[in-house]
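Both complexes below contain subunit A, partnered by subunit B and then by subunit C.
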Partner chain A sequence: MRPLWQIPRDCLFWLLVSVFVSIGLHLEHLPPWVALSGIVAALWQIQLYRERWHQPGRLLKWSLAGACGAGLLLHYGRMTGLEPMVALLFTGYILKLLEIHHRRDALVLLYLSYLIIILQSLFSSTIVASVLVLVALLPVTAALVAMHGATDNSRPTTALRTGLAMILQAIPLMLVMFIVMPRIGSLWAVPQPNSATTGVSDSMSPGDMTQLGRNGAIAFRVEFDGPIPEQNKLYWRGLVFSSFDGRRWQQQAPQSYRDGRFLQWSNQALEAWDKDIIRRGQPLSYRVTLEATNSHWLFALSTPLSPSSSVALSRDFRLVNNEPVVSKLLYPVRSWLDNQLQAESLPGWRHQIELALPAGYNPKTRAIAKQWRAETPDTAAFINRLLGLYNQEFIYTLRPPALGRHTVDEFLWGTKKGFCEFYASSFVFFMRAAGIPARVVVGYQGGERHPSENYLIVRQYDAHAWAEVWIEGRGWLRVDPTAAVAPERIELSFADLFAEQDEFLSESPFSLEHLRHINWLNNLRLKLDSLDYAWAKWVLGYDNIQNDLLLDLLGAIKPQRIALLLLFAGGIALLPVFIMLYLSREKNTRDELDRLFLQYCARLDNIGLPREPGEGPRDFAQRIGQQAPSLTAQVDALTQLYESARYSEVQGDDLKRFKAALKAFKPSRKAFLHGA
Partner chain B sequence: MIIRWRQVFNGLYQRWIERRLPPIKKIRLDNRKLFIFPTRAGFSFIGLLILLWLIATNFENNVVFALTFLLASLFIITVFHTFLNVSGLQIEGGRVTPGFAGQTAEFEYLLSQTGRRQRFSIEFSHPGLEATVVSLSGSEIKSIYLSIPVNRRGWFQARRITVRSVYPLGLLKVWTYLQFNTEALVYPRPIEAELPRQGATGQGDKPPPDNYMPHNSGSEDFVGLEKYRLGESLRHIAWKQFAREQGLQTKHYADAIDDELWLDWELLPGMDGEARLSRLCAWTQSFSEAQLPYGLRLPGVELAPGTGRVHRDTVLRELALFEQPQIVGGRA
Partner chain C sequence: MSKESQQITEAIVERVESVLVGKQHSVRLALACLYAGGHLLIEDLPGMGKTTLAQALAAAIGLSYTRVQFTSDLLPADIIGVSVYDRNKASFEFHPGPIFNQLVLADEINRTTPKTQSALLEAMAEGQVSVEGETRPLPQPFYVIATQNPLSQSGTFPLPESQLDRFLMRLRLGYPDPEAERQLLSGADPRSKLATLSRGVTPLQLAAIQGAVSRVKVSESLVDYLQRLLQFTRSSADIDYGISPRGGMAVLKSARAWALMDGRDYVIPEDIQAVFSPVCAHRLPVSGGEHRAENLIQQTLNSVDII
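Take a look at the complex of A and B:
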């Protein structure tokens, strides 16, 4: 089949670049064979253009389509979800590449390229990824320009330049639209990308957290309204584990709390249990920008409240989001560090929950706990006795030995080496065995202060587990057994403590943090981080700020005012573009040549050899040859170049050569006199 | 009913266009003369924007929002680019080559500009013709030629030509209709016919000259072609006709003819006017090709015999305009 429409050469070039760029951007979450067939299809199209190969037959095309569909089903096992849908779109895109018969087909391909390239931002919207996507729109635009402005044999760069200029001109208006256009929030539920995330999980068994201890990825950033509190106050509560099965700590099922609903939303009437919280003094106000966790729980200092309508306070005094956090989330929090939680009394059913221990595990610990409790009836003294034990005999390490069935027994009376979770777990078990209500809290501790910007960077290796015990009259108290073993873990940041050890960041081999000790690199790392944070705050989390910003600008958010602002600001953004376009004059080579020739004449005039009116370049050169023979060679060469630049049919580089020769042409009066 | 409404609408539209863009000799295109509207591809692009906006909204992804707005801005920027690609262009009706009815007349249009903008892919089209695509750069002046079919002899004014461009992204089209007042002279449709033996001479009562009959021994003036006969000189073979697969023919020449040839209206009795003009037109062509002097006699018109291009054009012009009312606006 002969093509009914011949795609212009430069258009095909940019179309194929667009295809390769799309494949490159999506390489991470595409089945490898889809990417590979994309490359094959692109090569096939090149061969088609060169008339070396034939169009694939109808049978082949249909069987390819069928094979792709079956392949996707095999690969994903389902067709719902974002990844399979993008992969399906991709296969259609690739197959379309094999049948460009009309201008319309090329157009469909280019529009699909726009769509597919932008879809990449659903998977990753970091500043680097977004800039890459922006750049990737360029070849598609260039292909569109080439398709509609094709003069025969025009070079691909012509179209690229136009495309680039247009995108740059579009950016001011884009910014206006980004700032002003209201976001109306999700219209219907959509499948979210399955991004692999690291972070604390909804259960804790020995060894889980050592993985995190080696990971330098950012968990969240916090911007405080005032100064950042001291390191040892920064306990970011995320999850509360009250249920233990002998190995694994887990959350208590929400239904087992019998006094009211488990979640308290900010726009609902207060639950009965809210009176359990006593908040004193001024709250600490801050905003957390959480990286994607794919989970509901949020991190905050005790005891928190969030004004955000999508964030709830839970029965165990944590913050919970109404949807899994699949992309960066910004939430404002107020925390009352001076608080009392459930000071009055713990009902009997809660005692049961907070004292429950599985039968048949850790008999030795149970026995010793009972014995100690008999010897030390005062709860505070009892707790201190256990912490003292940790302090004297235990070692804090990122490389703990493995534990068998009786995890707590083996740890407390055997290995004595471990990580925060070992201490938290054994501590809570010991307390419960002694009849003191206790639970494990998981979250992050501390964080790195950005030296110039007033925010805190909390990383995965800051993940931490500690304990809370309930004491009659004082309520839930935080006890961090790790602090007893390694006080510096709490006083210093984690990175300061472990930077020298091999395990540190062994999960993040390319992290710039390895080079913390090199000063300028460390500064660079922090600069990059503040850039990344600004991106997260001003771009990714713009919906959170937009309302306040528009309120400030408009007084009230009404459609008419938004439309007016859009028109006004859009007009201002377009004005310079319009003026520039209207006044723009394409550089004219002929004119430049005239200008250069006048320069050449002026130089000769300076040494007393003016061109007579009406004297042609050749006559002029001849006359100079007679008057100043030493200049003959140069003047003749220049005249020749001028003539070929002016009259030659072929667009060569004569103009450039004339320019270069003119640069070197510096006739002096002396040469003229000597010659004469 | 619908068809009637459409006719009424088209009529109104045509009248509006005519008032807005009256026939001219030279025009500089500007915002009062240009129309701009999204193309079909432009509407699909708007569809793409809506899809992207829905994705951004539902995934609550601000980067997708930003990129969607970038494409939307690109669309708006394209309005300027598309418009300025054509605005400022000067078009002048140029020379017109006359044609015979049933064939085409060639209209020349000269494109120029005062600025030095680089202009790409501007299409010129006339109803029923494929578009001519032109790019223009700097201060150059470009000519485009439209070969427009003509059907009736007399003066012919081309219909509105459409100037259209979708550069750079094909999302919007900017267009205008131009009616130039340049006119083409259309000669009668030539119809070959046997030349009446005595008819071509001037006075009907005078016998035809003896030496009128062509003979192949002479070499002065070309008379016509005859089938090749064995023994004829190869030098006289009409190779052109042979190449056109019209068989082997030889050129025959006549010695100078003393007597004058007259193409006379009266030679074709019993035919209607157009039929006579068509035959006279065909003869004019063949005599002119043969470089024989010939004169023209029409009722009320008499042109003395002559040869050459100018004479031929004068004769054809008389044939074209014979009993033809002068059209309003006169000739160019």
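Take a look at the complex of A and C:
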């Protein structure tokens, strides 16, 4: 079957380039066979264009569609979620390439290309990804230009140039829309990619883990209003684990907190438990730009408050976002480092929660804890005794031996080697066994100070676990048993400490972090990071400042004012285009007589009697005489004057008379209609 | 002068129309061609009134008229004339051929050999013939109406583009409209009126009109319009080679004659538009379809604005 419609040559070229670019953008999260079949389909389309191959038959097309659907099901095992849906769209896009019968088919493909390219920003929104998306729009736009025959078919570069010009002209408008357009909250849940690597997860089981995640990816960045506090004060609390089942530490279910709600939103009345928090002195003010975690929890120094309405404070004094953090999130925080938490008393049921230990695990630790408690009744002394034990006999290592059923027993009295999670877990177990309420806190510790910019970079390998114990009259106190074993872990940054070890960054083989010791490369790395941070702060985090900006600009945010601002700013953005058009317009060389004649034509055009381009004044007058007889006399007189002024070249006052006659010439639509 | 030429034109047209019914526009164009001093090519099927037009024009203008049927064995001497030995005078005497007439109808010019064609065309261009070293001027006015049959091209020698250029205009008479045809069928043979047709113009008047054509005014903006028309044919994607400057001059000359016939001493765009197609269509080397050139010309006229 021959195609019903032949796609223009340059359009096909750019269409195929668009397909390849789309495949390239999504290569990372597409099944390889989908990308491969895209290339095959493109080759098929080329052969179709050359009339070497035939269109696929109906049966083949249906079976290909079926095979793709089945392949996707096999590959993902489900059809929900972002990645399978994008892959499904992609297979449809690729199969559509095999049936370009009409112009509309090619148009559908091009519009789909735009959609698919934009979908890339759901997976990554770094500065590099955004620039790539912008560049990827170019071939699609060029194909669209070629499709509409704006150029002759021969050279694809012509279409590219036009496309480039169009995109460049659109950029000012893009910026205006970005700055002014109010953000509408997502109307539906945006499906999210499933692959996010974080150093912190919602549970912790030290016995199972023999290698700490050594991932150099950025967890979040923090910009302080004042100086950055010392390294050993930077305990970024993320999650609190109060529940232990013998192997695994987990969060306590929120409903087990019986008095009052678990979350305190900033725009709601204060919960009763808010009085448990005593904040002293000046708060530390800072803004965190968190990378996507796909989880609700946020990181902050104790004890935090966030003015953001989408961030809540939880019962265990950490910050929680109202929806999973699926893309970079900027949130402002104020933290009172000098605080007292729940100093008054802990109700009985809370005691139960914070002391609960699973039966049948770690008998030796339980016995020794009871024995020590009897020997050292003072809580502070008791804690110090255990920390002393850590300090003397334990070794901090990133490669601890595996533990069996009684993880705490084996660690405390056997292997004595481990990293933060081992110490936090055993410490809390020991405290609970001795009747002291305690819990595990996980989050990040420390961070890398950017040498020139005033912000802190916290990476996944800064993930840390520590403990909090509750002491009557003093409330919840942070105790970091790791600091007792390896104080340098807390004083220095993790990277400074472990850069020499092989395990360091074993999960990020291509990270620039490997080359920290090469000075200029290290500088480059930090420069890139500050660029990326600026992008995150000003572009991705623009939502957070837009409101204030618009308020400053408009006084009040009302639809009318926003529309006016949009029009105004859009007008300014388009001003260069107008100026260019004005400068490049055809010079008006018409003399007065022709201008008057054009006025005369325009007046007749207004009542529905346009002059055809090649129609001479006399023919025009004759036609008007037929269509609107009531105008005949005036029109004939005007035509006579124009002709004699224009063509007879007799020096007379015809021009003046034409002008005068034109002044009196006011044809109305009525005259035309009644005449007709 | 302009009013007078209008009256004379009307008189001639009226006389011709009494014989050749319903072809006023073609008659006017043929007359404009004569006023402008050019020659006319009529391309049409047999029986459309080509000969009648030529005869009626000759009679209405009062020109000496002859008709030459061009055949493949026609020789240049058959047209131009030949020197014959006169025994009484004991010398060669030139016997002028049919071309020594004021109006020559060259019927089916494409049937004869290129040699004969070029003899005729040369005479048309020069206004004189050279026989045996002697140059003999042709009578004034000298007006050739050539016809050719667009069909049955076998055994013909189509005129090359360079020779088509010698004709100021090419006309197609076409079928008469129904009204005219009914009149034609019901009445007596109009040709019978030819013998009684009186002339509507004196030779002096005709010479005056021909002289007046070059004095018709052409304004700057009109020249500009014509130039844009020519430029359009050169830049159009559909036309391989646009109209030559000589073609442009031919348009202007014809438009002047047309304006004069309308009683004006200046040219207006409508004059150009009236003569553009007959003057230019045969100068456009386009292939594909009999009326393609005319269509392209019409397209040009529709596209180019007059101001």
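Throughout what follows, the second predicted complex is superposed on the first by the 557 of 676 C-alpha atoms of A that agree within 3 Å, B and C clash if a C-alpha of one lies under 4 Å from a C-alpha of the other, contacts with A are read in each partner's own complex, and residues count from 1 in each chain.
We adopt the following convention: contacts are C-beta pairs under 8 Å (C-beta built on N, C-alpha and C of every residue); 3 or more make two chains touch, one makes a residue touch a chain.
Computed from a prediction, not measured in an experiment: that's the story for all the values here.
Student: Quick one: classify A:471 as touching subunit B (first), subunit C (second), both or neither.
Tutor: A:471 contacts neither subunit B nor subunit C.
Student: Does the superposition put A:327 against subunit B (first), subunit C (second), both, or neither?
Tutor: So A:327 only meets subunit B here.
Student: State whether A:88 touches subunit B only (first), subunit C only (second), both chains, or neither.
Tutor: A:88 sits against neither subunit B nor subunit C.
Student: Who touches more of subunit A, subunit B or subunit C?
Tutor: Between subunit B and subunit C, B touches the greater number of residues in subunit A.
Student: May I ask you to decide whether A:554 touches subunit B, subunit C, both, or neither, giving the answer as first, second, both or neither?
Tutor: Neither partner.
Student: Could you say whether A:181 touches subunit B, subunit C, both of them, or neither, answering first, second, both or neither?
Tutor: Touch status of A:181: first partner only.
Student: Could you tell me if A:594 is touching subunit B, subunit C, both of them or neither one (first, second, both, neither)?
Tutor: Touch status of A:594: second partner only.
Student: Please write out, lowest number first, the residues of subunit A touched by both subunit B and subunit C across the two complexes.
Tutor: The overlap between the subunit B and subunit C interfaces on subunit A comprises residues 590.
Student: Per the contact definition, I'd like the list of subunit A residues that touch subunit C in the complex.
Tutor: 590, 594, 597-598, 612-619, 643-644, 646-649
Student: What residues of subunit C sit close enough to touch subunit A in their complex?
Tutor: Per the stated touch rule, the residues are 217, 219, 221-222, 264-270, 273, 301-307.
Student: Hey, which residues of subunit B end up touching subunit A in the complex?
Tutor: Of all residues in subunit B, those touching subunit A are 41, 44-45, 48, 51-52, 54-55, 57-74, 76-78, 80-81, 84, 115-118, 120-121, 135, 137-139, 166-170.
Student: Quick check: in the complex, which residue numbers of subunit A touch subunit B?
Tutor: Touching subunit B from subunit A are residues 107, 111, 114-115, 118-119, 121-122, 125, 130, 133-134, 137, 141, 144-145, 147-151, 162, 166-167, 169-174, 177-178, 181, 183-190, 192, 327, 539-543, 574, 577-578, 581-582, 584-586, 588-591.
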